[in-house]
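Shared chain: chain A. Partners: chain B in the first complex, chain C in the second.
Then we have the complex of A and B:
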């Protein structure tokens, strides 16, 4: 079904001069994409994925030096004059940027933005352009397209903004559609829909390139995949082959790092029974009040859960389902409007500020954004020592504890003096985990601890968490949107949807025989490399 | 299992920005002025209020390097001694403004809600008056001693710092590390002073030198209108004021030299302020 090549890149090298010398962003990259083909480009942040996309539309930073050639439809992009380049950017190759909402102008309705582009590039008059815009909105699956043409970007959800972005990119009928991380910030179900929509744009005159750090998500839609590591295209091949028989070590690592929904938790002995629950949430409602106490937004409805020592409970759901509200309520950062949160049988809501503060040596939290969770002015040792002020320790004992916990999370005492800006995301998250564990809490809430990390780093942090939970000496609450990760870590899982618990049960039971239709839908949307490679093999590559 | 570079990440290099030259130039100027203020008794053979009975309104010459004023006082000596008062009032009043304004901004910004709203509206009322008119009123009400001048100039600048600090704290409050600090068991005071204050202070300290320049100008303005320091005391604004009458008769030195001293000092403060703004990336 693939036709002639629409993109031909040969020996593309991009050097960027910075304050600290020259950085080689792309190193002798060669690849081609044919009409009708969906090509996936994967790699971790800093690998050069976005730079490659920008080379194709020739939007490189001013200090970039380029050698090699990029040809779209047989025309060399770097030899174009200004007018040819302008045409090229609409009708040759069109780029969907990574963050759709901030790539759209907040001051104009989305309809106007599409009409502007149609009039500028396709030379349509006003009425033609509005008609074409409506057709584009229908094409990208925006519900109530007539009404949505008049909406501003802030009135639309992330998924809808992404669809508008795709409509904008398609406006001038490009030969090549480039989508840079189209699933950033989207849920599993939305991700699947958006990726399917992008893949559907490949046709007899058009090739598609999808850029992502998430190999599992794009494997389902790509015919071929290229792997970028620090600017070099280390491997390229048909999807099934790349997934089942990767040859380059980096590709092997990427494939191995993808959380697999079929991976179950390793047996680590049963949770320690006996005694009352460590954590109990009873019929909690949380209502966020608006400024004047009117029209509150209810984030949790009648949520109950309990957790024993040694147990790991997973909380899953899509964004906006109330996961974060629940973990913050458990941490006593938000008081429930109704119901109770009990730690060791003590009701948090009944405690004064000071008593609650002293209860914090029983419970700690690890946050989603690892860098922002660390005070930029403080050293790693100061950050880790922060909770220790709850229990007075001698200087020597405190230092000993800090060194021990830093070693435990895989960093070691050498990191004591570093500041947060000197840490990578993975290192920062290790510091965050060390801070949570240093006081030896009975309960640890992990709120999406890996979702801001690259896939291989994520795999390492998950190994650390697995090692910690396997000790069975604490209760862990693991909050995540990623079902595959939850399956490999948790003993029990609770599914939240729109602030309500829809299903709860032992991990294996819930994944193998989900009762609630919502859970089933969620599970069906999870991409899995094993099923993907089977499907591709069935299609004959 | 493969080991990846997660643990071998090189420390980020500090990004160098401009502004260093401006800061150096401003500091040099202020050091010279400061030296003049400190070494005043040794740099001139006359006292600041000492009267030379045979030299009234004498032009610059070997006896009096910058001439004398209508009372027979040596201008050079008075300029040097005046630097003590002008620098002192500027630094003290700005320190007061940072302290009072910063504390108000820190507390209200963190507290939020009606406390914040009420305080900010009150500050709005204070700021609704033209700054100089307000300073005039306060100085006139409290009388013109050095302490009241510092108080007046300091308090009038405080609302601006309160506003700046509050804005800073409000944006810092949404950072996760503040929530993390609460989870780690920090008390409210500890969150305020250990986690918020060090991160919020930079913009205030960057503005402070600029404000020192304004404070000197304000003091000079008050003195010019007769609400500053008491009459024989050497102060640049007062010297310009008394000398202004002599300019008409061609005796330019009585007001031009103190004016130059004022100008150079304010320039020094402004150079440092501008340099700091550039360096912290708040202005290019």
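Then we have the complex of A and C:
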């Protein structure tokens, strides 16, 4: 049940002075969060979500100018002196940083980091603090907590680091727990567990704010949700109401853009499986050898798949399941330890460097991080022209092809001279797709092409991919951890777990009647707005 | 266990390094113009006398034979005799290496303390006047020629103020210190002679200060840059946003992470110092390794130059080994 307000923000405006003038990062934001409440803050990158979190702990860039007020527990955060501010940071409001692995201090054991916080806020002595740290580790569900206290962040997995980060924030004993994008980089099952853990921290004396770009993921745990668009809080309300009856156009767009696993792929023109065999992977094992002859790590076990022209095959699984290894093996970047990869019936293993290079015009890849995958010093036209070097073309023909493909991916020739830093994430991914398609490859591997993008942009890129795959003129391999997206795009789906294929079949069959228990678990973990809003409505919203 | 294996492996690396540099120096100094024999024979010497002197030093034989003979001697621990002074090279080395090492170890220590304290101080006040002052001061020190700086310090602290001893020797002539380790500050302490110890430190004051001022700037800049990077990192910001006490933040979250990047640069600076101290040795009549080697080089004293190069190469390998071990100790992500 909700109690007294722990956070009260009124008319908060933050201006950041930069070289190109002043940017209004937050514009007259007002909201309150009560004890026992889980409040969700959604919006896309640049919307001001993180700035709002930073304002609450008064950790803003030096050039920020602030007006309005932030009160935690009735005390004005911007009126505090240094010592009061130190106590407020942590004990008043504690922030779980985004990307916990890089936000934990790298050269200090996680146990020491917890103890530091316990000693700063709970006034414990060394022995008490270590006992309390152990209890906290158990509370946040860290396996082998005693051993883990002595570990360094780089020795832990992403999910474990997120749990440590939550434990760090809890160690401060905050009245308000802030979690900034707690599910970034985690797969579906882990995301669900972590969000449930965060939601469970709301209590008699504690309110929780969860910040995310992923409306679907956090809707399940939030009592109320606020929507930020370019610094303004455009809509705020109970979760069910916001999902079923959004009033602001931006909220409507956000809700509509969420991929829904219950939405079935629209019927496409040409029948699947019409073309000849294009790609075949036969009984591939991949073992990564470690240096000094120690036991290697086997990433793929006896994986087989085939793909015909015109078909789109989805490869899904949690992080670490071998998805990336498989796509790299198919691209010929990794040689399988056993088994073979055949393109057009040609075994990649039998090819020398130069033959392999020439086969590359038959296969291209689109990468996960669109900006990182583009050389920052080259223009869009130069980037897109890169694969064309494999087949010598005349200048005019090359330019014609570049313009045509840029138009095809929805950018147009105007973008030729731009450089990657002048592109948004969505535009950069369109350039990445154009680069893959310009040489007219027979096989395109899309490696998590939308996971680094905001939801509305994601929807646009997916629309583009859907349009491309519907043409049935090449084979697509769509690698993703997002089951809802896979369902809306792929003809067939293959589920990978710990390097093994656990299930494979036509998309609709696999989603409606999964055979393998692992697939069922994966499907059950997917958040879906339609089920969430039903549940909230059932609870009396 | 793994650590021992690692250290042994790194030390084995010394063998190819020493063979490489010794071959290189051996050939290079003989190709250089200038003949040591012409410098030691009297002006009235006939062609036959010169030939006789050549034979005496074995310089008439083919290069390969000379090198093999030299290698054989070195493996037996015989570094040869100086052509110009006829003293055993090994004896000179054991006397002079500690002299210079003592000088540069203190200088390096002082520079590191100034650089770490100043660099972190400057980074925490980045952009404010105190930050600019620290950086400009370090840069100014770096821009001064060390012999000139040494002379100015002598003028001020010896001549004008009388705080420093005269710039000649390592200890007041009133004390006699029989060498044990060759490091005079250590020897005086071992013998429990506190006044002598004080005198030795007193004599070290100005040369150490001169060297330290010159090498502080690059170290300070590096410390400041990495401290700024740490302060700007999510991990530090996270610790700060959780309200840790200032002292804990400074030592546990800033200090150690800042130091991680230092050993490699420090090793480079320290390695350079062994040869680079020669001008300061001249100014303070230190009679160290640098002075001896420079004279050997000018007179084409082959055995001296060869021995000096071996010492410097060994020194570099050891210093970088220590730097890598320090780095691994500071950074848990680095494995040796």
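Going forward, the second predicted complex is superposed on the first by the 531 of 541 C-alpha atoms of A that agree within 3 Å, B and C clash if a C-alpha of one lies under 4 Å from a C-alpha of the other, contacts with A are read in each partner's own complex, and residues count from 1 in each chain.
Operating definition for what follows: a contact is a pair of C-beta atoms (placed from the backbone, for glycine too) under 8 Å apart; a residue touches a chain by one contact, two chains touch by 3 or more.
Just so it is clear, the model here is predicted, and its values are computed rather than measured.
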### Query
Of chain B and chain C, which one contacts the greater number of residues in chain A?
B
### Message
With both complexes superposed on chain A, which partner does A:169 reach: first (chain B), second (chain C), both or neither?
### Response
second
### Query
Is A:112 touching the first partner chain B, the second partner chain C, both, or neither of them?
second
### Task
Return first, second, both or neither, reflecting whether A:381 touches chain B, chain C, both chains, or no partner chain.
neither
### Message
Once chain A of both complexes is superposed, is A:390 in touch with chain B (first), chain C (second), both, or neither?
### Response
first
### Query
Can A:87 be said to touch chain B (first), chain C (second), both, or neither?
second
### Message
On the A-aligned overlay, A:405 touches which partner chain: chain B = first, chain C = second, or both, or neither?
### Response
neither
### Message
I'd like to know which partner A:77 touches here: chain B for first, chain C for second, both or neither.
### Response
neither
### First (chain B), second (chain C), both or neither touched by A:59
second
## Note on the structure
Dual-contact residues of chain A, meaning touching chain B and chain C, are none
### Task
Enumerate the contact residues on chain A facing chain B in the complex.
19-20, 249, 252-253, 256, 328, 331, 333, 353-354, 357-358, 360-361, 364-365, 367-369, 372-377, 386-387, 389-390, 410-411, 418, 421-424, 426-427, 432, 435, 439, 456-457, 460
### Message
List the residues on chain B that touch chain A in their complex, please.
### Response
2, 4, 6-7, 9, 11-13, 15-16, 175-177, 179-188, 190, 195, 198-199
### Message
If we count contacts the way the header does, which residues on chain C are in touch with chain A in the complex?
### Response
233-246, 248, 252-253, 256-257, 260, 330-333
### Message
Under the definition above, what is the set of chain A residues touching chain C in their complex?
### Response
57, 59, 86-91, 94-95, 97-99, 102-108, 112-113, 116-117, 119-121, 152, 154, 165, 168-169, 171-172
